[in-house]
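All chains are identified by letter, namely A, B, C and D, in their written order; residue positions are counted from 1 within each chain.
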Amino acid sequence: MSSNALVDFSQLSPKFRDLYAKAKVFVEEECIPAEKTYNLQMGQGDQRWKVVPQVMEDLKVKARALGLWNLFLGQDYAEGAGLTNLEYSLIAELTGRSPKIAPEAMNCSAPDTGNMEVFAKYGTPAQKARWLQPLLDGKIRSAFAMTEPLVASSDATNIETNIRRENNEWVVNGRKWWISGAGDPRCAVYLLMGKTDSANKNPHRQQSIIVIPADTKGITVVRPMQVFGYDDAPEGHCEIVFKDVRVPLENIILGEGRGFEVIQGRLGPGRIHHCMRCIGMSERALDLMLTRVTDPSRKTFGKMLAQHDTVIAEIATSRMEIEQARFMVLNAAKKIDEVKAKGAMKEIGMAKVIAPNMLLRVLDRAMQAYGAAGISQDTPLAHFYASARTLRYADGPDEVHRNQLGKIEVRRAAALTEQQRIQKDKGDRLAANVSKL
Amino acid sequence: MSSNALVDFSQLSPKFRDLYAKAKVFVEEECIPAEKTYNLQMGQGDQRWKVVPQVMEDLKVKARALGLWNLFLGQDYAEGAGLTNLEYSLIAELTGRSPKIAPEAMNCSAPDTGNMEVFAKYGTPAQKARWLQPLLDGKIRSAFAMTEPLVASSDATNIETNIRRENNEWVVNGRKWWISGAGDPRCAVYLLMGKTDSANKNPHRQQSIIVIPADTKGITVVRPMQVFGYDDAPEGHCEIVFKDVRVPLENIILGEGRGFEVIQGRLGPGRIHHCMRCIGMSERALDLMLTRVTDPSRKTFGKMLAQHDTVIAEIATSRMEIEQARFMVLNAAKKIDEVKAKGAMKEIGMAKVIAPNMLLRVLDRAMQAYGAAGISQDTPLAHFYASARTLRYADGPDEVHRNQLGKIEVRRAAALTEQQRIQKDKGDRLAANVSKL
Amino acid sequence: MSSNALVDFSQLSPKFRDLYAKAKVFVEEECIPAEKTYNLQMGQGDQRWKVVPQVMEDLKVKARALGLWNLFLGQDYAEGAGLTNLEYSLIAELTGRSPKIAPEAMNCSAPDTGNMEVFAKYGTPAQKARWLQPLLDGKIRSAFAMTEPLVASSDATNIETNIRRENNEWVVNGRKWWISGAGDPRCAVYLLMGKTDSANKNPHRQQSIIVIPADTKGITVVRPMQVFGYDDAPEGHCEIVFKDVRVPLENIILGEGRGFEVIQGRLGPGRIHHCMRCIGMSERALDLMLTRVTDPSRKTFGKMLAQHDTVIAEIATSRMEIEQARFMVLNAAKKIDEVKAKGAMKEIGMAKVIAPNMLLRVLDRAMQAYGAAGISQDTPLAHFYASARTLRYADGPDEVHRNQLGKIEVRRAAALTEQQRIQKDKGDRLAANVSKL
Amino acid sequence: MSSNALVDFSQLSPKFRDLYAKAKVFVEEECIPAEKTYNLQMGQGDQRWKVVPQVMEDLKVKARALGLWNLFLGQDYAEGAGLTNLEYSLIAELTGRSPKIAPEAMNCSAPDTGNMEVFAKYGTPAQKARWLQPLLDGKIRSAFAMTEPLVASSDATNIETNIRRENNEWVVNGRKWWISGAGDPRCAVYLLMGKTDSANKNPHRQQSIIVIPADTKGITVVRPMQVFGYDDAPEGHCEIVFKDVRVPLENIILGEGRGFEVIQGRLGPGRIHHCMRCIGMSERALDLMLTRVTDPSRKTFGKMLAQHDTVIAEIATSRMEIEQARFMVLNAAKKIDEVKAKGAMKEIGMAKVIAPNMLLRVLDRAMQAYGAAGISQDTPLAHFYASARTLRYADGPDEVHRNQLGKIEVRRAAALTEQQRIQKDKGDRLAANVSKL
């Protein structure tokens, strides 16, 4: 159980406290019990890509009625619930406990959240009417098509998908993969990043973002990518070929050559949402571990697992790691509240590295306690693990964030060198006086 | 590339050296290239449980013609190739490079290997004729049914499946899961462990092992278990219900109450085979990492991954971990050659803990270098990871092996205490003399 | 540089903010430059146990004038500065940057702090007049004599030192070691824990704490214990024999058999002070690392260390570990403010494990960047390391704290098991309904 | 207890087996008991730099009589015992168990060993007569002066000490530190590396090695450097100023500009000796841990430490790490035997990284089991720790060795890329045929 004395709930808004309490009940009493039904309604094989489990639609109605809806949209958005990032982070932890169900039920699931932010922030009135409103209503879903298979597209300047203007249309050609959500039968729209001006000398002005209705001619969903052995139907992570896909000129976001700017604005808070859901998943994993190690029917050689102090030590380690990671995520959220995401890149970067790695370790311990059941479909642990593993490279691999953080620290070196020089000089003078005495 | 100077190939048998050279070529030039075809021939969905990919049958013919057949059966078996455990371990490393193809192609894949050993060691002539011979010929496959879902069956005394004698038949009732190989259309026979005498005061005399033809009435394969989303068709890891399954009395192995004895005999060398395949998998993972980090099309921010010294350090760490683990496995194999598995329990236990954990770390680094491709179906890494993860609890979890090893060390304490007492006494006398001078 | 957005300085008291600003300047501009002189004035060899470096006395005068005096005594003490534990922790971080100088200069150094707390909380007016006041004035120093060489005295019930009543005196016999501060020429008084009633059935009522003037007959300081190769003169960590040491009956703290109660009250906040100083030491170590890796005179093979991204990654890791540990310590401090140390045992325990282990890792990275200088007398790193290493067993080893923490978590298992049962039941009912449709 | 089945003692030379058996007894029955007396005879304070403990001289007589003398000099040296590197490594493990006593007692202690190798390999007959013979006889000691305080001298091209020719003399000016052995009253000679031609375009031809008698005018030993507070008297690690130090022209080793060549030849096997002593130290540490955790007088809360399975797990981990490290060191030794040190750089580098890091972890666990005693002068653990810590940067820091190793691996990438391309082409053709069927 968390020991967070640094964030004082009594100082947070009454609105938040009400929503938090409701969300807690909703996740524990509605979402987690619905997981089994969701899986059943999904069905088997190819069917899984065609069905929208009814239980999800039922939960969405309930959540919306409770006000648990679009909470990710903060104070910067007219459409939002007005929560601070700190407040929403605490709620995102709760939804992370049932990550397949709760975020979607509360219309707070990726990639729709980021896409709604883009439309809300940069969309024309027409774009908002056509795409943002149904997204806000949970009527349609969306995808963000950026990653490409043949290049290192985590460096956006490497992107190869071409967008050329032809008369009054944009014509898109390229291959994307890991397009999450594109498999969903409700996915109605893609935001696609490509190059409108690959010859531009400024490598960050070559890219544009185009809105492409999912039923446009020329789009072929090639295959779902697997994460470990999971295809994550119905959303999926799809490989898609765009061949001479045509959309009207007004389907551009913000304007030609401004794609880089858009994705920069899209990244910060979303990363924190992932991180906070990681905390929720880790808490659920630890809860599951606790019940397993105390299950009297699981004795080996006469002892429950909880009677081994190695197991107790692993539980304690998980608890300590969770607490530390949570503070880092909440700290980043509060910093965003104070100085916007751009000013909180260091804090976001730290949280982004720490939370998924922590979750993977906590999950691994829980899986080990469960033995075979832990890596199977009978617990959510292995699926959590697969999801968490993607977060170590998605939105920038650990190595890149660590490198940026380290370089930020190194910038302090010049001032420190000067400070240490002054301290040494003063110390030498002081010592010299002493020696003379 | 391995740096093993401690095992001198020139001291090993000419027969081994010939087989090793052939196996190396066979794995690299036949098995690895066949992986894609195998997956294609497996097909999709339910079909995957019904098909035997033709490419595998072709490879088996080739392997047998080359003498690369049943090499796991060592000098103790008339049917074997006469390799030592050390020698076979080196070949198992090679087959581990293509773990889905090479072991089966060379008729050296679990669980058939362990089952063939059981039949060869304990089988009656009739059992050998009916089951061992077609297994040795690669005509049928087999399964070993021990693990149960409702109890901690890693402690065999917890097993609940009931085997009762009724007239001239054994009647089996129980539920098993994680029965690897049982999904294969060629799986013709189960070796099942259950209790024939659950009231026996000696908890290790309650169990018996029964031979059950796979087509016996009363057997229901309930579902395949998943390992991180993989169902590992066609072999699968099945949950199976045995309801009033009847087999003749002669279908017992070794005799009533001797099940524990049989599984004890089955475990040692097989564990080492897994371990050595782990070495092979880790070498392949490192090879894949090396080609990825030097792929010029994968530059980010102008640099190949291999130009970052963090990446170089990770490669070096993987190399060091692989080398260390290999020595531990080869050492265990040599010890088995010298004093049989029973005398090498410490060495086997160490290798059993070290090899899979090493492999998981090496794989994780390789996956990270590949980014999204690394956890997808486009590289074998994630599937290797899932398989390796099961080895941390299968055949005894890490914790149990570590505990046994630690206790073996602690047994030395009494003699050490005495030795240190003698040293201290001598030291005190010596010092006393000195002080007097 | 710390990124702490969760503790809002503007919410803390103006008094604290003023003291904090002064302490920061005092540590950086007075204490750190004084380190060299302190070492010089200490001298060499035996002299080191006899001298009180004048620079320290000068600093004490300055600190007291600034109000930087006895800040550890919080709101519970009439004599204190009235800071909360959270506030004092932030100041203790600053003093940790110069751990040998700043805490003593500000009269906030162990073991005096804990001893002053004992006298302030439990002392009679006479005890306060004779011992507390000069301690508060920085005129004398003190020691706490609890640990014994021949038993595992971290379990206080094992203590063997005997205190027997004889007429109007207590007579003390026993051997103590690791009595920090006892080597200091200013050490005037010991608080000694021994057994007054070793036959008491309640093992926590056998102990009493006795006040012993350091110049009492029968006390022999046998030797200073070394921490790695440091003897930490002049305070030292002494082995002391008490042979028929006699003190008047009034020299008992709180009363006979209440020794356990006293040490319980002494422990909580002091542990946090150590932890917060660990944060300060780790920040200084990282600062030193940053200046070294950017020192152009230290190029190898044409590169500064900071041009290697492995070094950058180590710096980033240190930064992330420091931030996490700081939150844990501040969280514990705030929890103590809210519910007293007894209610914050879990948070204290976590901080107690995390902070020293973090510090050791940060120091090790800094030492490695410095090479030979890093482990020598030319940087403070190795001495910090030695001190930090003692914190992993002092006041309860890591293992004990981890075990306690794990067991606290396990207590949640029963309620979780019930919650998961309810969720499963609800989930099963929901799924059953679905299946019927 | 080691489980080394890969190195078959029966295959090693009878001479070795005899020496090994004698060395084992000598270390356990003579050296370890002598440790206390050695420390007593060393005395306290300044005396420690002046005394040669008599017990060491007595042990040297015993060792030489047993033939346990100069065993480090292998088959390449006429003066040597003719052991292979593999054989000597096994003996160095034994001497590592008492690292302060046994190596010197057997005239196998650094830096004399490396210096004797230099004289034996490159010395003129006159140099051999004057310096090598008394070193071989254990009559004098020596030092190797290479490291400098003001530059990163691990890159030898940075060295600044100047050696200029003036008439028939070399004139040396410079400052060196960490000159191990230079504090010993018996230290009679330095091998000093400096630059005779700092303008040479080939940065590896600028250096020369000069023989300097320790009593030459112009040499000032400034201070002993400390290692975690230890000064390692009497040998010490000294800072030394050379001011206009003059020696005859014949006092050059091998010739002008060949200093780099000499140190290259000096490094390989010596690194392995350190590594193997690390194995011996780790075995002694584990032995000490085993006796402590089973000491019934050290019960806490009613249990011996060995009754906690966390402690058992730590012991097991130490055992596994020791075994792995030993194989790496023996492997490097055998490789040197097969292809000389130059051909075994990869194996030596791996052993060099692995052994000290392993030892530090094993020691840390043992220290934790001992609590306060573990970091004090009452066990050898903390001193071992300090020594082992220096090995992580001496003779090339971990980072450099890891980087070199990683780059050696990366060289394999081109061939692997080609192999994988061939495999893929073959696989594609095979799959294409299949699809057609």
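The rule we apply is simple: a contact is a pair of C-beta atoms (placed from the backbone, for glycine too) under 8 Å apart; a residue touches a chain by one contact, two chains touch by 3 or more.
What you see is a predicted model; the values in this text were computed from it and never measured.
Shared contact partners of chain A and chain C, listed by label: B, D. Sharing over half of its contact pairs with A-C by residue number, the repeated interface among B-D, A-D or B-C is B-D. Counting C-beta pairs in contact across B-C and across A-B gives the higher total for A-B. Each chain gets a centre from the mean of its Cα atoms; for chain B and chain D, those two points are 40 Å apart. Put simply, the C-alpha centre of chain B and that of chain C have 50 angstrom between them. Taking each chain's centre as the average of its CA atoms, chain A and chain B sit 37 Å apart.
Multi-chain contact residues of chain D (touching two or more other chains): 308-311, 313, 399, 403.
Touching chain A in their complex are the following residues of chain B: 45-46, 147, 149-152, 154-155, 158, 177-178, 225-231, 297-301, 308, 310-311, 367-368, 371-378, 382-383, 385-386, 389-390, 392-394, 397-400, 403. Listed in rising order, the residues of chain D touching chain A in the complex are 308-310, 313. Chain C makes touch with chain A in their complex at residues 1, 3-7, 28-29, 32-37, 40-41, 54-55, 286-288, 290-291, 293-295, 306, 309, 311-317, 319-320, 323-325, 327-328, 330-332, 334-335, 338, 346-347, 350, 353-354, 399, 402-403, 405-407, 409-410, 412-414, 416-417, 419-420, 423-424, 426-428, 430-431, 434-435.
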